[in-house]
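Chain IDs A, B and C follow the sequence of writing; residue 1 opens each chain.
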């Protein structure tokens, strides 16, 4: 069993070196062959278009403006997606809410993939006191409740509530940014443990020992031998991470710690519907479908990426 | 693989079969189940939650109470003390003395007799703060002495003229000495007495005087009350009342619809339609005591627009630019009352005015005050300072909705606002904890500070008086909005010390005019208390007998009856 | 290995100290628990002060931490506020097994935990077992039949569920299986007995039997498990795919070993490293309950106590949760590391 693995990896290593220039091309070609991945990419692009170009048709003020006499209007000519309990246009809110929800999802995943993977690789590969320090830190972070972090920043946020931060041309209050960051910095812990567990096993395998024997540097071993074999759980964790970050914000909203209205997020539009799941389904349908589509398309893109990057795939 | 799916299938079938096997046990008893939105950790008075006090309506009644029309009626006493029946006297020094006479033959639920000693015991506990942690209010400050006259009669002498002898700092006879005295003697405090705890309830330690006995408390689930054999009032028609704790508002409605509870109450107006839509459910509302108002910080303001807030015309403009009737109707519900003053309605002068929605006047007032939009950004400014209101409220949804809607009205007349919904603990924190209100770190805030529904006396020095502003030297005041009107303070003090009802009414009306004239308090709504009742379990005609104060919603529960067959 | 375990246990001590100090300090950010009394004209400043004194909240935070850790039974406390201590302290401190008095529940933290932990375990353990069983089945099947209709449906359903907040899943399930079901049964004259309960652990009018509990478990367990299954099955599917496509399985297959044995014996064991990791990450948090599901179903568990512990501040209760979680995290990460080396004996820690 071990022999087979070693042999194939050495072969693959050599093969890769020969075709180095065309690797990107190969990856793109393989990715494009994955039909669902392409559909996912198109859908995600459409959603990004929706929240960015859509903003040209509505101002943020329109998204937040209330028409009390038109509350709970079902979808129709005037409000294509209906209105919520304050008569706000759900279409406009979905556009502006999407910007924040996507930002939450993407930030969390970016932090999770970079920090989580790096910590897992370093911790698992080098072991010893580096592993001890990094993993004890992860355990400490796991043990500190996220809600407490959100509560702690609250008084500071009140002092600075008027401070606005400009992100991609949109003015956001520090509170929103802080929630994005906190969801992000607590999202990498699991992935680092998963990557570490894979590395612990991989680094003891013969192909790594062989590479070490021929004088490959640690960096090289990590990036060419170990990391590619950890891609699968990283991709799953990343694709699940987008959804769970967006949903985490919703859950925080349920408990009163999420992004506060009037600033819309897909999450708080959804929470706003919770008392009337049955009576006014259009309030949760629009953001619900958008979140699902986002998560699904990112998943298919992830599947495609994994297949395209898979070192063992020979097609 | 197949084996696993087979296993799952078998397990599923087993679970379903087991669960189908049980059916609701046949009951001979008449049980009423009330959905209860909050579980108190302990029983009153050790728990200060309103929902704890509501529970007392079942197992521990007071000396007297107020009915749906806020008319007082006696329970444990023979008659309500009053100057007319001679039980309320004004002593030579002008102070008030009230005599109480318990009805004969009152028994605790364990059969012991209720006597003046029980009332004296509670007086003893209240006067010494180390005997237990519960709210004492102003009792300690205003009560001079307690005299037992005989087994059923006693009197309280106040150290001031005290007109609120029925509603504040009254005697309390709801707690049995023979149960609580041993705890006090053992620990020096009643805090560890089983009387207040779920375990104590289940061990039968909680004896009281009410139509029901509190008989079982399953933490997080429900409390069960059974008819009290020693109750000498109207015999309850339901043998058992169960309060079921349901924390989610949408689920409360689902539970009523599924027949898991018979009564839901205290839900917000948004749900009225939903409850009405349920088959066989009748919904009714009663005048409530809970409401929110805009509080404007005009005397304790350190923010950039302190000058604007100190200008009465700006404060009038702030409220004149809001269409309060529309807000109340759309956000709270049709027929919602907008209170004109903080004090109970019965004391308002008849001609008491209220600032109407008039955006043009608001704009004009702001122009005159020098707040104009010179730079065309849509927000008025003066000397380079933009008119942006630091606008706080708690994180309750309805208040947040008011905040969002008010921001829009303000925006229309060139007033900016930063919305700051914060947790109640931060809004109401003390001065030393940097509480928003206490430190005056706000311009306008929405919250409720419930006035007594029965007394016009506001305890102004603490809440509205010039000396009540919290400072580093004296952090204990509650007047974070910095209201300061020496005329009002003086009038309020007189209201609090005038026993004669007619004279008191006149003074109160004058005080209220003075209060309203400061233009820092503007009511937003007073919401109704809603009840939804399953008509197949309760005859709705009997259920309309309810209380309308903050803690007596079920004070006529013994009159509630199942529908006639 | 023994040496490594001892080393890890020793490392846990500074970890626990740091975590408790950090969380204790942060816990006060939730605001004073008696702040709400300021709204209540019946409560005087003295009432508030006394309540704070009673729970030791007037002391400086470092002193409160020391009291929490080792107690205060050697000093006098000033409960009558005359500036002089007269009441002996009663706290023993967590090191002597006293978790203190919960402020929000006004009773010992140990009592709060004892009342709620069994309910939470019933809910969480059931949902966890259901999750693992279903996720394994769905994940493995989806991997073996990659890109089949089963796989596509499982993938689609997983992600729809995974993108829905648990309260929405829960309320929709209640609508269908409890509320609409009853309306339908009434309309067609069927037996409403087959409809599920809306909320609670037991029917208040019922007999509180095991069957009653099972009926009440179905919806909360389904809401929680639906979402967890979605996540877990993705991990299982992907790692299974990885292993199925790996060379040694191909080799084994080419040697003619029967398909089922290959999948289960070889693939599953190797696939389990990430799975062991996520299980070890999740188990410590099972004891804390599920805040939102417990709220929606009024399930009297730990999650509700947790939310009461963070805001307004209830440091003793929050600290009990923190200690419980921290010990759980440390313990289960250690167990995970031990299991790694059991799954793959080449793994060494040094």
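Everything below uses one rule, namely that contacts are C-beta pairs under 8 Å (C-beta built on N, C-alpha and C of every residue); 3 or more make two chains touch, one makes a residue touch a chain.
Owing to the predicted nature of the structure, the values given are computational and were not obtained by experimental measurement.
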**Item:** Touch-based graph of the chains, sorted into line, ring, star, complete or other
**Value:** complete
**By mean Cα position, the chain sitting nearest the middle** = C
**Complete:** Chain centres from averaged Cα atoms put chain A and chain C apart, in whole Å, by 23
**Fill in**
The distance between the C-alpha centres of chain B and chain C, rounded to whole Å, is 35
**Prompt:** If you average the CA atoms of chain A and of chain B, how many Å lie between those two points?
**Reply:** 45
**Request:** List, in ascending order, every residue of chain A touching at least 2 other chains.
**Result:** 151, 154-155, 274, 277
**Request:** Could you check chain C for residues that touch two or more other chains and list them?
**Result:** 30, 171, 175, 179, 295, 311
**chain B, residues touching no fewer than two other chains** = 250, 423, 426
**Message:** With touch defined as at the start, can you tell me which chain C residues reach chain A in the complex?
**Reply:** 7, 11, 15, 18-19, 22-23, 26-27, 29-30, 155-156, 159-160, 162-168, 171-172, 175, 179, 231, 234-235, 238-239, 241-242, 245-248, 251-252, 273-274, 276-278, 280-281, 284, 291-292, 295, 306-307, 310-311, 318, 321-322, 325-326, 329-330, 333, 336, 340, 343-344, 346-350
**Prompt:** Mind pulling up the chain C residues that touch chain B in the complex?
**Reply:** 30-33, 35-48, 50-51, 54, 79-81, 87, 102, 104-107, 115-116, 119, 133-134, 136-137, 140-141, 144, 171, 174-175, 178-179, 182, 186, 193-195, 197-207, 209-212, 214-215, 218, 260, 295-301, 304, 311-313
**Item:** chain B residues within the chain A interface of the complex
**Value:** 249-250, 270-271, 274, 326-327, 330-331, 388, 390, 395, 400-401, 404-405, 407-408, 418-423, 426, 434, 436
**Message:** Quick check on the complex: what are the chain A residues that touch chain B?
**Reply:** 64-66, 68-69, 71, 85-86, 151, 154-155, 158, 161-162, 256, 260-262, 274-277, 279
**Prompt:** What residues on chain B touch chain C, complex-wise?
**Reply:** 1, 4-5, 8, 15, 18-25, 27, 31, 33, 41-42, 46-48, 128-130, 133, 135-138, 140, 188, 191, 197-198, 219-222, 242, 244-248, 250-251, 254-255, 257-260, 279, 423-430, 433, 435, 437-438, 447-452, 459, 463, 476, 478
